[in-house]
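Okay, so subunit A shows up in both of these, paired with subunit B first and subunit C after.
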Partner chain A sequence: MSEHITSALVAIAIGVLGILAYFWISNAILDALIGRSRRPNKEVLREQIRPWLFVGPALLFLFVYLVYPVFETLYLSFKDENSREFVGFSNYTWLFNDPEFHITLRNNLMWLLIVPTLSTIFGLVIAVLADRSRWGTIAKSIIFMPMAISFVGASVIWKFVYHYNGDVANQIGILNALVVAFGGEAQFWLATPLWNNLLLMVILIWIQTGFAMVILGAALRGVPEETLEAAIIDGATEIQIFFKIIIPQIMATIVVVWTTIAILVLKVFDIVLAMTNGQWETQVLANLMYDWMFRGAGDFGRGSAIAIVLMISVIPIMIWNIRRFRQEEMGR
Partner chain B sequence: MARTTTSSRKTFNTVLAWSIGLLIFFPILWTILTSFKSEGQAIADPPLFFFFDWTLENYIAVQERSDYFKFLTNSLIIAGGSTLLGTLIAIPAAWSMAFVPSRRTKDILLWMLSTKMLPAVGVLYPIYLVFIELGLLDTRTGLVIVLMLINMPIIVWMLYTYFREIPSEILEAARMDGASLRSEILYVLTPMAIPGIASTILLNFILAWNEAFWTLNLTAAKAAPLTAFIASYSSPEGLFYAKLSAASTMAIAPILVLGWFSQKQLVRGLTFGAVK
Partner chain C sequence: MSKPAERPLARIAASAGLLALVILWIVPTLGLLISSVRDKDALAESGWWTALSASEQTVFERTASPDQQIETADGWVIQGQLEIAATGYTITAFGGSQRTPNEGAPGSTVTLRNGTTLSIDAQGNYRFVSPDEPFTGSRGKRMFFSYEKPASFTLDNYKEVLTEGRLGQAFINTLTVTIPATVIPVLMAAFAAYAFSWMPFKGRNWLFAGVIGLLVVPLQTSLVPLLRLYSDVGNALGFEAKGYAGVWMAHTGFGLPLAIYLMRNYMKSLPKDLIECARVDGASHFHVFTKIVLPLSVPALASFTIFQFLWVWNDLLVALVFLGQAEDQIVLTAQLRALLGTRGSNWEVLTSGAFITIILPLVVFFSLQRFFVRGLVAGSVK
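For the complex of A and B:
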């Protein structure tokens, strides 16, 4: 055990030294090759190359991690289960005729519509409330807490909440205990289609509400006081002020929050894996792919096809987000 | 906005805000409380809140059953190592983009942003194959590399937004005084950049610590970090309730403490600096 730890630490140390050596040596070589001369054109050339030495490693690593694998996955999605022979589009035609895939798409769409929207609304409401209450900062820190927990950790905690003991009166799961207390009948909620999807979404909403709250809270504090005072003088009600004065002014931030959560939601995997593993009609794309590739099926063609579908479905939101970033950068 | 709120209204808001806060915190609190109960008391009806016989027996049992400290060490090495290496590679990149921007800088940054938005499932299998080829499967070194890669865009972006807040006049002044590039970085830039670098490291450590997709897929018994530890406990059937709670508490406790102090960093990083 301790031997393994030492070897891991040594590997990290080698990595650190390697990186430092790269920056040192590459700069020294640049200086040696183009010289330390102060002749303008050489100096210009040297200073044009230098930034690439600095950015280079980061770009190279990203290229290796991202660009190559994406094309590899695309390539594999046109091959058979063992990646031996080309099968054209047959993985895709199979996929679009597969009933489980239809359910999966429906679920992903539900996640996409419900989770970012509810997280944003709850975050906004709580931000407004906490701003106007005593010890609001501490309350906000508590509400933010789930955000720090990993999705897997959160899932285990919520498994307690949804736990079902079987057909007995003493239910230790909080949800079932509440249901019984109000005269209802305890159920195995996670195995009850459609409801179970919502229960899984609650976990992500629980995590993301704090995130939305912090961002929207900062935006709310940026709303100029004069605009509110002017509205009050004009006799606007509080509801009118909220919807007609405050909301339009923080709309840009609301969009940031919504898209950030939306991108996260499309990738959702850990929660479904830990809670139901896609059983009982709770499957999502990422977990479906995982099933086809690694669990039992071992069909890398179909798994890759699912991965490609997932990537394509993220692209519209991604482009939208990047366009927004570009505009913001131009505005500076 | 505060001025428009009357006192009784404020009390109402306070009660409501705190009720929501406690409601949201309750699952965590309940898990922590249950972890200190005996198995019998954990399933007592009506449920016991604070007045039960506090015990550490569950923690001891969990450690004996699945060696918590092995997973903890793995998490520390993987999160720490990937953060360290990633930051070292990212600092020069972010520095040059913030202070010596070229026409391509914006495009590079946006491209990095887009890589972080792509779902990891799309690249999993090819990387898995590469890992088999290189013998990196289920090794800490392999995970350090992968987590460094997936968080690189966030690190570069975070550092870039922090570095850009440093007034470039100061660097020019140092250059005028004849400072070399190296001493410019070491003595001028670094001291001013340390708060930003520290925030970036904190954020990245938390992200790497919580990463489950890659750690679950690329590890088995040897290099598995805490995320895998919790996942192995994710089926309550056949396990005991209080022990399961102890396992979850042990898994989330370190990050809860860290998370409390890093709200700002988390938010800034996850929005790529759009929200400061």
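For the complex of A and C:
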């Protein structure tokens, strides 16, 4: 055990010192090579090179870990399971004719519609309520807490909530206990199609509401007092103020929150893997992809094809983000 | 909004609604926490919400052996105290046979089949009387009774899951993954963010737009190529494809877009004069960055450090793909998931295991919540 800790510490030291050493040494070399003279052309050359020393490592990592793999995955999706022979579009034709993929698409669509929407609504409601309550800060902390919990940890928490211990009177899962208390019949919920999808979504909503609450709470505080006061003087009711004045003013933030959660939802993997592993019609794209990567000897062609479907579904959001950035830069 | 004080009714309604939501949010976690310190058997039999109330248990004990019977005016008598009562529990009911264990209230006398009588009081003092003939046989007679078992809590589940469940080792492995995978991208991104905000160079805006694009690229598209790359490099250089170094680099790559984005936005908002004055005084960019900008950017660094720490600690996918799943490399999330598969109905192991995996993030989260919230807001609202 102690041996393990020592090697971990050594590794940490090497990693961290290595990166610091790179920046320090590379800058020192640059200064030494192109002299410390203040002659204009040398100065200019030096200051043209230095930015690349600063961004170099980051760009290298971004390229190797994110940019190149996208193209490589696209390329591999046209090859067979061992990535040896070209197979044209056959991975895609297989995918679009696979019944499991149809269920997966249906589920992802359900996740995409339900989770971001409900998280945003809950987050907004809680942000509004907490603003008017004396103990709002504590309440917000509690709602926010699941953000720190891993998806696997959250899955254990909720699997216990949904637990079904056979056809007996005293259920230890609180959901079934409540069902029994209200005269219903205890059920193995995770194996009940459609219901089980909703129950898995509840987990992500539980986690992401805190995120929506924080962002929307900040936006709410940014709504100018004058507009609200004017509305009150004009005799608007609170409901009218909320829907006609506050919501339009924070609409841009609502969209950002919704899309951020939507991107997360597309990639949801851990929850499904831990709760059902895609059984009982709960499969989603990310888990299906993982499954094919390692199913049997692993089928990299099909796995890559599924990854490309995921990639394509985030491209609209990607383009929208970049355009928003460019507009902002012009506004500066 | 209108001042809350002016509308007491609205305020009460808001508080009630908020309370309901807070309860809804906390109950699942509370169930996990309470269950993790409950006795294994109690956990499997009753809901965690009953944990605080005492439970009634029905068992039997034997009387002292017939050798110790004494003859009195009532007949032959065996008496003594129940062992359970001697350890402090209260007897709630008793009976002479398995079918009628709750026949008599404490202190009363029950007549059994063959004319013998049994009485037990709340403190467990029993008196077994046979009016006509002496007791025979070598073993004591059986007495059935119920006693009240007060709520009890134990840390045994934690001991079990740390040793047998191997979460102790996994905890250390997770730390080994997390610390470098948090520190390295923070350093790298800080330098890059400075260059993107204050060093003019060709293509700067295009490259930064690219970084923003990469913010949403799903991890899944990277898995297959990197898996192949790692095994090729591993084969060529003669080391294992799965290992800590590979995971650190993967987390660095995946964490960089957000890190650069957050820190660049922060550094860009620093006063322009500050940097330009230092430059005019002859300080190189390296010095401006390390001596002026870096110390001023501590809040942004802290925000991202917390993000990345939570993300790496809680990650399952990257750890499953790039680390071995044997004891020397498996991380907490992967081990917990393995336990879900192999010990799926042993809730004493799962609840305590889950709590061990979430405790450190929760501590970090609650102590540094301010920075975390600031980072979230900076990363989203623009």
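As a working rule, the second predicted complex is superposed on the first by the 320 of 332 C-alpha atoms of A that agree within 3 Å, B and C clash if a C-alpha of one lies under 4 Å from a C-alpha of the other, contacts with A are read in each partner's own complex, and residues count from 1 in each chain.
Everything that follows uses one rule, which is that a residue touches a chain if its C-beta (ideal position, glycine included) is under 8 Å from a C-beta of that chain, and two chains touch if they have at least 3 such contacts.
Just so it is clear, the structure is predicted and the values come from calculations on it, not from any experiment.
On the superposed subunit A, the two partners subunit B and subunit C do not both fit; they clash. In the superposed model, A:Phe269 makes contact with both subunit B and subunit C. Look at A:Arg326: by the touch rule set out above, it reaches both subunit B and subunit C.
Of the two partner chains, neither subunit B nor subunit C is touched by A:Val87. By the touch criterion defined above, A:Val180 lies against neither subunit B nor subunit C after alignment on the C-alpha atoms of chain A. Once the two complexes are overlaid on the shared chain, A:Ile126 sits against subunit B and subunit C alike. Judged by the touch definition given at the top, the superposed model places A:Glu47 against both subunit B and subunit C. Mapped onto the common chain A, subunit C and subunit B collide along 347-355, the only clashing stretch among 59-67, 131-139 or 347-355. Touching of subunit A by both subunit B and subunit C, each in its own complex, is seen for residues 1, 4-5, 8, 11-12, 15-16, 19-20, 23, 27, 47-48, 50-51, 54-55, 57-59, 61-62, 64-66, 68-70, 72-73, 76, 126, 129-136, 139, 141-153, 155-161, 163, 170, 172, 174, 177, 206, 209, 211, 214-215, 218, 228, 232, 253, 256, 260, 263, 266-267, 269-270, 273-274, 285-286, 289-290, 293, 300, 303-304, 306-308, 310-311, 314, 317-318, 321-322, 325-326, 328-329.
Residue ranges on subunit A touching subunit C, taken from their complex, read 1, 4-5, 8, 11-12, 15-16, 19-20, 23, 27, 31, 47-48, 50-52, 54-55, 57-59, 61-62, 64-70, 72-73, 76, 83, 122, 125-126, 128-136, 139, 141-153, 155-161, 163, 165, 170-174, 177, 206, 209, 211, 214-215, 218-219, 228, 232, 238, 241, 253, 256-257, 260, 263, 266-267, 269-270, 273-274, 285-286, 289-290, 293, 300, 303-304, 306-308, 310-311, 314, 317-318, 321-322, 324-326, 328-329.
Residue ranges of subunit A in contact with subunit B, taken from their complex: 1, 4-5, 8-9, 11-12, 15-16, 19-20, 23, 27, 47-48, 50-51, 53-55, 57-59, 61-62, 64-66, 68-70, 72-73, 76, 126, 129-136, 139-153, 155-161, 163, 169-170, 172, 174, 177, 206, 209-211, 214-215, 218, 220-221, 223, 225, 228, 232, 253, 256, 260, 263, 266-267, 269-270, 273-275, 285-286, 289-290, 293-294, 300, 303-304, 306-308, 310-311, 314, 317-318, 321-322, 325-326, 328-329. If you check the complex, the residues on subunit B that touch subunit A are 1-5, 9-11, 13-14, 16-18, 20-22, 24-28, 30-31, 34, 42-43, 45, 47, 70, 73, 77, 80-81, 84-85, 88-90, 92-93, 95-97, 100, 102, 106, 108, 110, 112-115, 117-127, 129, 140-141, 144, 146, 148-150, 152-153, 156, 181, 206, 209-213, 216-217, 222, 227, 230-231, 233-234, 236, 241, 244-245, 247-248, 251-252, 255-256, 258-260, 262-263, 266-267, 270-272, 274-276.
Only residues 1-2, 4, 10-11, 14-15, 17-19, 21-22, 25-29, 31-32, 35, 43-49, 169, 172-173, 175-176, 179-180, 183-184, 187-189, 191-192, 194-196, 199-201, 204-205, 207-229, 244-245, 248-250, 252-254, 256-257, 260, 284-286, 289, 310, 313-317, 320-321, 328, 332-333, 336-337, 340, 345, 347, 350-351, 353-354, 357-358, 361-362, 364-366, 369, 373, 376-377, 380-382 of subunit C touch subunit A when the two sit together in their complex.
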